[in-house]
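The following pair of complexes shares a single chain, chain A, combined with chain B in the former and chain C in the latter.
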Partner chain A sequence: MAKVCIENLRKQFGASVAVSDFTLDIAEGELVTFLGPSGCGKTTTLRMIAGFIAPTSGRILIGDTDVTRLPVHKRDTGMVFQRYALFPHMTVAENVAFGLEMHKVPRAERDGKIRRVLDMVRMTELRDRYPRQLSGGQQQRVAIARALAIEPKVFLLDEPLSNLDAKLRVEVREEIRALQQRLGLTTIFVTHDQEEALAIADRMAIMNDGIVQQVGSPDTLYERPANLFVADFLGKMNVFKGRGNAHSVFETAAGQRIAAADGAQATHLGVRPERVRLQAQPAGANALAGVVESSLYLGSVLEVRVRLDGGDRLVSQIVNGGERSAAPAPGERVYACFEPADCVAFTQ
Partner chain B sequence: MDNTSPIDSSAMAGHARRAPRIPWATWLHRVFVVLMYGFMLCPIILVVWLSFFKDAILYFPPSGYTLSWYVRAWDNPAFANGFVFSLQVALLAAVVGVAMGVLAAVGIARYRFLGSKGVNTLLLSPLLIPGIVAGVGIYLFYLRAENALDQDIVGTFGGLVIAHICLTIPWTVRLVMAGMEGLDGSIEEAARNLGASAPVAFMRVTLPMLRPSIVAAALFSFVVSFENLELSLSLAGPGRTTLPIAIMQYLEFNLDPTIASVASVQILLLGLIMLVTDRYVKLSQVV
Partner chain C sequence: MQTSSQNGRGSRWLGAGLAFPASLVVLIIIMVPILQLARYSFNHFDPAELMQTAFTFENYAKFFGDPYYRDIFLTTLWIAALCTVLALVLGFPVAYFLARTQSRYKSLFVILLVFPLMVGNVVRAAGWMVALGNAGVVNAVLQGLGLIDKPVALMYTPAAVVIGTTAVVMPYLILTLQSVLEGMDLSVEEAARNVGASFFTTFRRIVLPIAAPGVAAGTMLVFILCMNAYATPVLLGGSGLTMMAPALYDQITKASNWPFGAALAVVLVCGTLVIALISNWLIHRRYVKTMAS
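Now for the complex of A and B:
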C-alpha cells in the first residue's frame, strides 16, 4: 500500500472544465470518498488516477512515483467498476487469475492467491461459475477480489454499489469497509450517495462543478460545513438569510434574532433540523415562537414544518417515539428551541 | 375440446365465459406469417422434391422416384470439381476476409481519424455495386495488373480469392461493428487496469467478447462467396470453375433433375453449417 498525492490536477474537455485545481493527499491505509452530484468531476478525477484519462495539468503521485504520464497497466491500481466489468468468457477463478498472469505471478503461486482473495469475499464455492450465472452482489464481490488479487498500491472504486438494491448495498458496503481496514488499503471510493460516503469514509472530499468544496472527516463535514453547498448536499439544513453582528447575534432578513456561537460576518445561518426541538414553553438561548404548518411522517422520524412569527420557515426533525411523543398538530403554537453551538455561520 | 360435456365442470365454466374472440388483426397476422413461410420455403422444398424425380424431362406428376441424379451429378467432373473449387475459394476468402474485416471494424469503431466515415462507406460499397459490374471492373483492373506485373491473375485461384475477399469484407465490418456497439467499454478498461497492455487487453478480452459476431461474419462470408456467380463469371478460368458457374453452364443445354440434386446438396451443406454454428453461437442474437 502507498500514499497518494494529487497536486493541482486539472482536466479540460475543449472549453469545459471537468476538474480544476484538485489537490489532496491521501495517507497510507486511508479511505477517502469523493462525493458530489453527477457531473461534478469525481469520476473524471478517479479515472485520471487510474490512468484512463490524461490530465490537462497537475501531477499524481502513488507512493513516491510520479504516475502522471504512466500508462494504465503500469500504475498498480486495482479498480472496481460500477457495472462490475467482469470478463464474461472467463470463470470467477479465471477472472481473478487474469491480473495475476499479467503481473507474471508464477503459476504455482496463483492458485493459493486466488483461493485467498475469493475466501475474503466469500466466493470460493462459486469459483467455476461464469459471471452471467451470478447475482449482482456476487459479481461485484468477484470484481473486488479480482482487483485486490494483484495487491494494488491503491484501491479505486467507481460507484461500486449503485447497481445493487438497497439492502445489498449496505451489506457490500460494510464488507468493503471491513476488508479495507483489515488489509490497510489506501482506498478512493467515488459515490453520489451521501449516506454511503458518510458511513464508509475516513475522510470525504465533496465536489461540485469540478471544484473540491471541502475535505474532512464525515463529522467535520456534517457539523461544520464550509459553505452552503456542502451544508445542503450533506443532509438537510435550515438556512436563514440575514446578517451577523459582533455580539454573536444573527438577524434574519425577516427580523428574527438568533443567538449564534460565532459569525460576525455571516450572511447565512444554518441549523440542522434534528437539532431543533419543538416545545410548548420557551427554553434556552433560542426559542423562536411559531405555528406548526405541516407534519410529515417518515417512519423513524417526523418532519415538522414551522412558520415562525417573524415570517421565516423552519423544519424540525423529531425521533418517532410512538405514543409517547406525538408530533404537534398543524396550527398548534410551539417554540423552536436550539443551542447557539448548533448554529453554523456562512459567509458568501 | 368438447365444451358440452356435462361432467367436465371446468369446461362448463369455460363455456360460460366463452373463448375470447380473436381480433381480425391477429388472424391477418397469422395468415401473413404462414404465407411468408410458404413463400420462403416453397422453392427449397420444390427443388429437393424435383431432385428425386425419375423423368429426365421435368414433368408433373413424376412417373417415379430415383436417386440416380445424385450419382450422375457427382460423376460429372464439372460439378465435382466446381464443388471442391468453390469450397476452397469460399474457405480462404472467409478466413482472410474476416481477419481483415475485424481489424477494419475495430479501427473504424474505435478511432475517429481523417476520412474514417469515407473508409466505412468504401468498405460497405461491395454491397451496393451490382456483382456483374464489379466483376467486369475487377476483370479490367486485373488485365492492367497482368500487363504491369507480367503475371497471370485472371483465371487464377488467387485472383478469384482476392475478388471474393472484397465481397466478404462488408459483412464482417457490419457485424463486428454492431457487436462492438453492444460491448461494455469498462470490461476492456478492467483488463488494462489489471496490468494488460492495450494489445493484450484487446486480444484476451475484447476479441473473445466479439466471438459471436466474428463467427456469424465467417459464416456469412463463406455463404456469400460460395454461392457467388456474377463476380466469378468474368474471373474464373478454364478448368477453374466454381459450382455456381458449372450449374449455369449445365443449364444452358440441359434441364433435368441433376441440377436439382446439386442444389439440394448445396442447401444441405449450408444448412448443416448454420445448424452447427448455431449450437455454439446463437446467430439470432447477432444478426
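Now for the complex of A and C:
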C-alpha cells in the first residue's frame, strides 16, 4: 500500500471544465470517499488516478512515483467498476487469475493467491462458476477479489454498490470497509450516496462543479459544513437568509432574531432539523413561535414543517418514539427550540 | 403456478398463431423457387428439346466429373475466403475505432461507410475498371512514382476480382462488427487494463473472445455474399476468372441448359451452407458454450 498525492489536478473537455484544481493527500491505509452529485467530476478524478483519462494539468503520485504519464496497466491500481465488468468468458477463478498472469506471478504461486482472495470475499465455493451464473452481489465480490489479487498500491471503487439492491448495498459496504481496514488498503471510494459515504469514510471530499468543496472527517463535514452546498448536500439543513451582528445575534430577512454561537459576518444561518425541538412552552436561548403547517411520517422519524410567526419556515425532525412522541397536528401553535451551538453560520 | 404455466402455454400458441401467416408467406417466397430449382437440377437436358422432365443425376455427375466446373467451384471458394479474410483484417480496426471513438464526426464516418451501399455493385465495379485499367489511376500512380516502366495488367485478373469484391462486402462487415463491439461493456476492457494487460493483450484475450460469436456471424454473412458475387467477377474478372454465379447464369441464359444451371445453383447453395454450418459449429465449440446466457 502507498499514499496518494493529487496535486492541482485539472481536466478540461473542450471548453467545459470537469475537474479544476483538485489537491488532496491520502495517507497510507486511509479510506477517502469522493461524494457529489452526478457530473461533479468525482468519477473523472478517479479515472485520472487509474489512468483512463489524461489530466489537462497537475500531477498524481502513488507512493513516491509520479504516475501522471504512466499507462493504465503500469499503475498498480486495483479498480472496482459500477457494473462489475467481469470477464464473461472466464470463470471466477480465471477472472482473478488474469491479473496475476499479467503481473507474471509464477503459476505455482497463483493458486494460493487465488484461494486467499476468494476466501476473503467468501467466493471460494463458486470459483468455477461463470459470471452469468452469479448474483449481482456475488459478481461485485469477484470484482473486488480480482482487483485485490494483484496487490495494488491503491484500491479504487467507482460507485461499486449502486447496482445492488438496498439491503445488499449495506452488507457489501460493510464488507468492503472491514476488508479495507484489515488489509490497510489505501482506498478511494466514489459515490453519490451520502449515507454510504458517511458510513465508511475516514475522510470525505465533497465535490461540486469540478471543485472540491470541503475535505474532512464525516462528523466535521456534517457538523461544520464549510459552505451552503456542503450543508445542503450532506443531510438536511434549515437555512435562514439574513445578517449576523457582533452580539452573536442573527437577524433573518423576515425579522426573526436567532441567537447563534458565532457568525458576526454571516449572511446565512443553518440548523439541522434533528436539532430543532418542538415544544408547547418556550425554553432556552432560541424559542421561535410558529404554527405547524404539515407533518410527514417517515417511519423512524417524523418531519414537521413549521411556519414561524415572522414568516420564515423551518423543519423539525422528531425521532418516532411511538405514542410518547406523537407529532403536533397541523394548525397547532408550537415553539421551535434549539441551541446556539447547533447553529452554523455561512458567509457568502 | 399451474395457471401461470397454462397462461404461458396459451400465449405461446397465440404468438405462434399470429406469426403463422407472415411466416407462411416468407416461407413460400423463399423456399418455393429454391425447391423448384432443386427439382430442375434432376431434369434431363437435350440440346434440341431443351429441358425435359426426368429424374437423373447426370447434371451432378457432369459437375463432379468435369475438372473445368470443379475448378470454378474451388476458385469461387478461395476467392470468397480470401475476400472475407481481407475484409475482416482491414475492417476490424475500423469497426473497433467506430465503436469506441468519442469523435463528434462519428456519424459522418458511418455515413461515408454506408454511402457505397447506395450505389449498385455494377457501378462500383465500373469504378474499379477505371481505376485498375492499363491507363487507370493505379497504373498512372505506379508509373509516376517510377516503380514500373509499363502498365501492369490488373484488369481481368484474380487480383482485380479480390479487390473489387472485398470493397463491396467491407461496409457490411464493418457495420456488423461495429454493432457487436458497441454492445460490449467498455469497462470490461478497462478492467483488463487495470489489472495489468496492455492494449494488445486486452484485445487478444478479452475483446476478441467476447466478440467472437458476433464476429463469426458477420464474417459468415460476408462469406456468403462473396460466394454469390456476380457483377464484380463478371466485370473485373472477365474471361480471366470465372466464379460460380456467373457460370450458372451463363448456363441458364446462354446455353439454355436449365437443368445444369440449376445443379450448379444447388451445389453453390449446399456448399455455402455446409461451410457456414461447420464454421458456426467450430466457433460455438471454441467460444460460445461458455458465453451463452
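Heads up, the rule we're going with is that the second predicted complex is superposed on the first by the 348 of 348 C-alpha atoms of A that agree within 3 Å, B and C clash if a C-alpha of one lies under 4 Å from a C-alpha of the other, contacts with A are read in each partner's own complex, and residues count from 1 in each chain.
One rule holds for everything that comes next: contacts are C-beta pairs under 8 Å (C-beta built on N, C-alpha and C of every residue); 3 or more make two chains touch, one makes a residue touch a chain.
From a predicted model like this one, the values you see are computed outputs, not experimental measurements.
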Clash or fit (per the criteria above) of chain B with chain C on chain A: clash
First, second, both or neither for A:89, with chain B first and chain C second: both
Which superposed partner A:79 touches (first chain B, second chain C, both, neither): both
First (chain B), second (chain C), both or neither touched by A:50: both
Which of chain B and chain C A:130 touches, first, second, both or neither: second
Chain B and chain C footprints on chain A, overlapping residues: 50, 52, 71-74, 77-79, 81-83, 85-89, 98-99, 102-103, 143, 146-147, 150
Residues of chain A that touch chain B when the two form their complex: 50-52, 71-74, 77-79, 81-83, 85-89, 98-99, 102-103, 143, 146-147, 150
Complex interface listing, chain A residues touching chain C: 50, 52, 71-74, 77-79, 81-83, 85-90, 98-99, 102-103, 130, 132, 143, 146-147, 149-150
Contact set on chain C toward chain A in their complex: 185, 187-188, 190-198, 201, 205-206, 209-210, 287, 290-291, 293
List of chain B residues in touch with chain A within their complex: 184, 186-187, 189-198, 200-201, 204-205, 208-209, 211
